[in-house]
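Both of the next two complexes hold subunit A, though its partner changes from subunit B to subunit C.
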Partner chain A sequence: MFHSLLLNIRLFFRGAVLSYIALFRWFTPPAYLASKVIAPLSYMLFFVVLGTFATGKESASFYIIGNSVQMAAMSGIYGVTMSIGGDRWDGTLPYLFATPANRLALFVGRAAIHVLDGILGVFLGLFWGITLLGLDVSKTDPLVLSVVILITTFSTSGFGLLLGALSLLTRNIMFVNNTVFFLLLIFSGANLNLSLLPEWMQTISWSLPLTRGIASARKIISGSAFIEIAPLMGTEFLIGVLYILLGFLLFRWFEFKAKRKGTLEVM
Partner chain B sequence: MASIRPFYLTKYLRVIASTFEMTFRQTVKDAFILFAVLFQPLIIAMLALWMLKDKGGQYIIFVVIGSGMTGLWSSLLFISGNGITVERWMGTLESLVAAPTPIQVVVIGKNLANVLQSLGSMVVSYILVSFIFGYPLSIAQPWLFLISLIITVVSFVCFGIIIASLFILNPDVQRWQNGLEFPVYILCGFLFPIALLPGWTTPLSYLLTPYWAALALHASAQGTGTIANISFAWGVMLGYSILYLFLSKRLFRVILKKARVDATLSMH
Partner chain C sequence: MNAIEVDNLRRIYRPVMGIFRRKVKEIVAVDDISFYVKPGELFGILGPNGAGKTTTVKILVTILIPTSGSARIQGFDVVREAEKVRPRIGFILGGERGLYWRLSGVDNLRYFASLYHVDPGISKSRIPYLMELVGLEDRGKEKVEGYSRGMKQRLHIARALLHDPDILFLDEPSIGLDPIGAREVREVVRNLQAEKKTILLTTHYMFEADALCQRIAVINHGKIVALDTPEALKEVVKDLHIIEVEVFGIPSEVIERLQAKGFIENLAVENVEQRQVLLIQTARGSEAVPDILAILNGLRVGKISVREPTLEDAYVRLVGNKGE
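What follows is the complex of A and B.
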């Protein structure tokens, strides 16, 4: 039992590191700078300037915080989904499904490094916000903000795992990724006050990751205490767990069907 | 391209037409292109509509044009930009450079298909705003808008040749592709005036063809520009187009040398 646990932990970490390396094997320093620094910064600047153009300079922090936390989705959606889908595109899926490895450790391990990457991305966004755009963080409790970022990145990566499992059913992973990422720009409340949206859209918003994370980060940066955001964060965490479970079920269903029908690489 | 006689012109037009058709058939079903041309501009339009809601009715057409421009630029950067690189991936680049037709002519046909296809961004944004959101939309100066649109297509096709050439010649430049999408949205004032940006960025905006295209299209659609202003933007776009064609001639000379003399074109 103990030995099996150790094996699974090893599988989790090795899978996490190797899948990350495999996904970003094409990264050179210029590509890293373009994809991980310039692209997120410019996308944040675009929405911050658009937002301040729409509602005035005094609301800049609303957009800076929203888009900084939204960075979690860059790793959580693109990275995690591609890590799962990458096994299919690189032809390693049959080997993976032939092993007796614990599927949960293997599946969840794909997201682990992306959670760390996502956290780094959010902090980088906030750093740009503070240094370039004058975000005031004087009332912020850094520890609580870190907890908010950790939970939000976790839940977003959970959503990414569900999309990753879906990516095994379609050829167009990038289409799914891109569409979900851009829809999150609306639904997460990064750029909009959610009360502006119709009720049915608000219902979708509150069933997605990020929404509560962004709302909590805004509260913490404006000086609220942890107790005020604890219920939001608790739900955000549960949403993450729910998406991971849904993704895992879909992953197992795909494996079961593919093995039975011999359709592992058909779709 | 140096000695374009009527015979060559007809021949080149035929190559452009067949490349156009082939590219269009290839890309019209591509999910990534559908996203860049239709979905992304649509989502940006929806977002901008909500964000700029309090700015008043005159901003509605601004959003339609601006979000359409984002689709035009993204498709130029990712699709036209990869126009020659894709040939390398497919192993057809050598055949193309060995053919008697100049490769620029083929690239023009490909870019024309991509740029015209990406005009769908504006159509989709128009449909969203007009029919789904129910806002009344009108183009204030339709003729000026139409001419602006035609010149925009010409200038984007020419700009695409430069981008594609630079990407094939230097893969390090192509690695910046992901980082070039939103900076151009910002610098070209697609959805907000560049006056909101720090002054030092203004010369950078002036150097970009999409800025002048956005200026002419926004002004003619909203009716906020004079004929002098708009025709100045046309002039700049046409000037840049000539410059790009001239530069592309030199860049393609290097590409052909790499392919025919050095045999290093496919080695990156």
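What follows is the complex of A and C.
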């Protein structure tokens, strides 16, 4: 019992590292650097320039923080989806689903490195914001901010797991991913004040990951205490768990259906 | 207890055709087959492309659900007790896909070792041992994307052996390999047999089945048409002789006329560039040659030879043609 738990934990970590290398197609050093430096900087500059032009100079921090936290979705959406869906391209699904491996450890393990990667991405985004765009962090509690970033990246990656399971079922996953990423740019409130949106759109916003994380990060950086964002973060965490569970159910359903229809190898 | 037992297994595929007018076609890939494999036996399933070999293997290794019938591995049902079956078997499906191309050979094995819950202490010594067994000990650190087809196929075999299963399923292990690569793979299979593994091997090469297997099930259109030892399979052609006639540009009506002749048991045509080789099975031996030449009258005829039947001819007899 304890032994099998240990083996599952090992599967989780080994799978985390190896699947990251094996399946994350961006994993060439230049592409990786671009995703960590050029992508956040260009989003940030674009929206900061546009946003401050529209709403005034003092709103710069709004966009800097929003787009930094949004970087969690780079790893969480694109990376995680590829780590799940990539097996289709390598043709490894028949072999994977013939192993006795614990499916939950297998499935969730593949997101683990992307969570770390996402955290790094958010911090780098904030770093560019501080050094190049003058973001003021003098009132920020770094520990609380770290917790916010951890939970937000976790929940976004959970959402990525759901999309990853979906990517096993559809061949248009890049289209789905791009759409989701850009919809998140709007719905997460990274670049606009959510209260300006119609009510039905706000409902969508608050059922997605990231929204509460961005709101919390803005509060913490402007000097709020942990207690003010605790409920937001609790919900963000639960949303993450919910998406992971939904993704896992879909993953199991895919395995079940594919074995019946004989479609495990369909590209 | 038998290592593998298959009872009245059937599998029908219902692929959806077309995007707009969706039509469902039925393909009976495996049609009511039954057989068993004893522990330690090397059992062959021989059949042309599309005969249902891969489908059978997929069902036995728990990645495809049969339409009806059942199969057991060491007594465990492959559908209801798949969890018990999986640690006991290893398998490869022919071809080069199914490995993580961006990982090294050794890292592929490491990942699958953890998927099979192999103890870290054991996999540490087992992975180098397996890499040596399949002759990849010098290339283990290289990425799989740089491997030749034969190397990938051998890595697949190593992967299948990670958890030291009793039973191995090798679906066309030498497919697409050059003669040397194929020979290396056959060498590995022989070594495994010496280790007392139960092996079910599929192939569409008669000589491969003959060289390796103790018993062979010949399968065609999803049905087993013969099941016996290689020697006994040769019996079906034992009273026949094979007349090989080389012709140039034979019209199909002439072939039909030959086929209609009572003294011809079986006729197969092999196309070799512009010429055709007729493989005629007959009990009359060389006496039949004049009658055959009479029918071929007017055609350009090349070499003619009469020979004893081989296992290849038994196969031709059983599956009708070369199966192509």
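We take it that the second predicted complex is superposed on the first by the 259 of 267 C-alpha atoms of A that agree within 3 Å, B and C clash if a C-alpha of one lies under 4 Å from a C-alpha of the other, contacts with A are read in each partner's own complex, and residues count from 1 in each chain.
The rule is simple: contacts are C-beta pairs under 8 Å (C-beta built on N, C-alpha and C of every residue); 3 or more make two chains touch, one makes a residue touch a chain.
For clarity, every value in this text was computed on a predicted model and none was experimentally measured.
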item	value
First, second, both or neither for A:Leu185, with subunit B first and subunit C second	first
Touched partner set for A:Tyr43, first subunit B, second subunit C, both or neither	first
Partner chain in contact with A:Thr55 - subunit B first, subunit C second, else both or neither	first
Touched partner set for A:Glu228, first subunit B, second subunit C, both or neither	neither
Touching partner for A:Gly262 - first (subunit B), second (subunit C), both, neither	second
Subunit A-touching residues of subunit B, taken from the complex the two chains share	31-32, 34-35, 39-40, 43-44, 46-48, 50-55, 172, 175-183, 185-186, 191-193, 196-197
Complex contact set, residues of subunit A against subunit C	4, 7-8, 10-11, 14-15, 18-19, 21-23, 27, 90-92, 94-101, 106, 259-262, 264-265
Interfacial residue positions of subunit A with respect to subunit B in the complex	28, 30-31, 33-35, 37-39, 42-43, 45-46, 49-55, 171-172, 174-175, 178-179, 182-183, 185-186, 191-192, 196-197
Complex interface listing, subunit C residues touching subunit A	11, 13-14, 55, 58, 61-65, 83, 86-87, 91, 93, 95, 97-103, 107, 110-112, 114-117, 119-120, 159
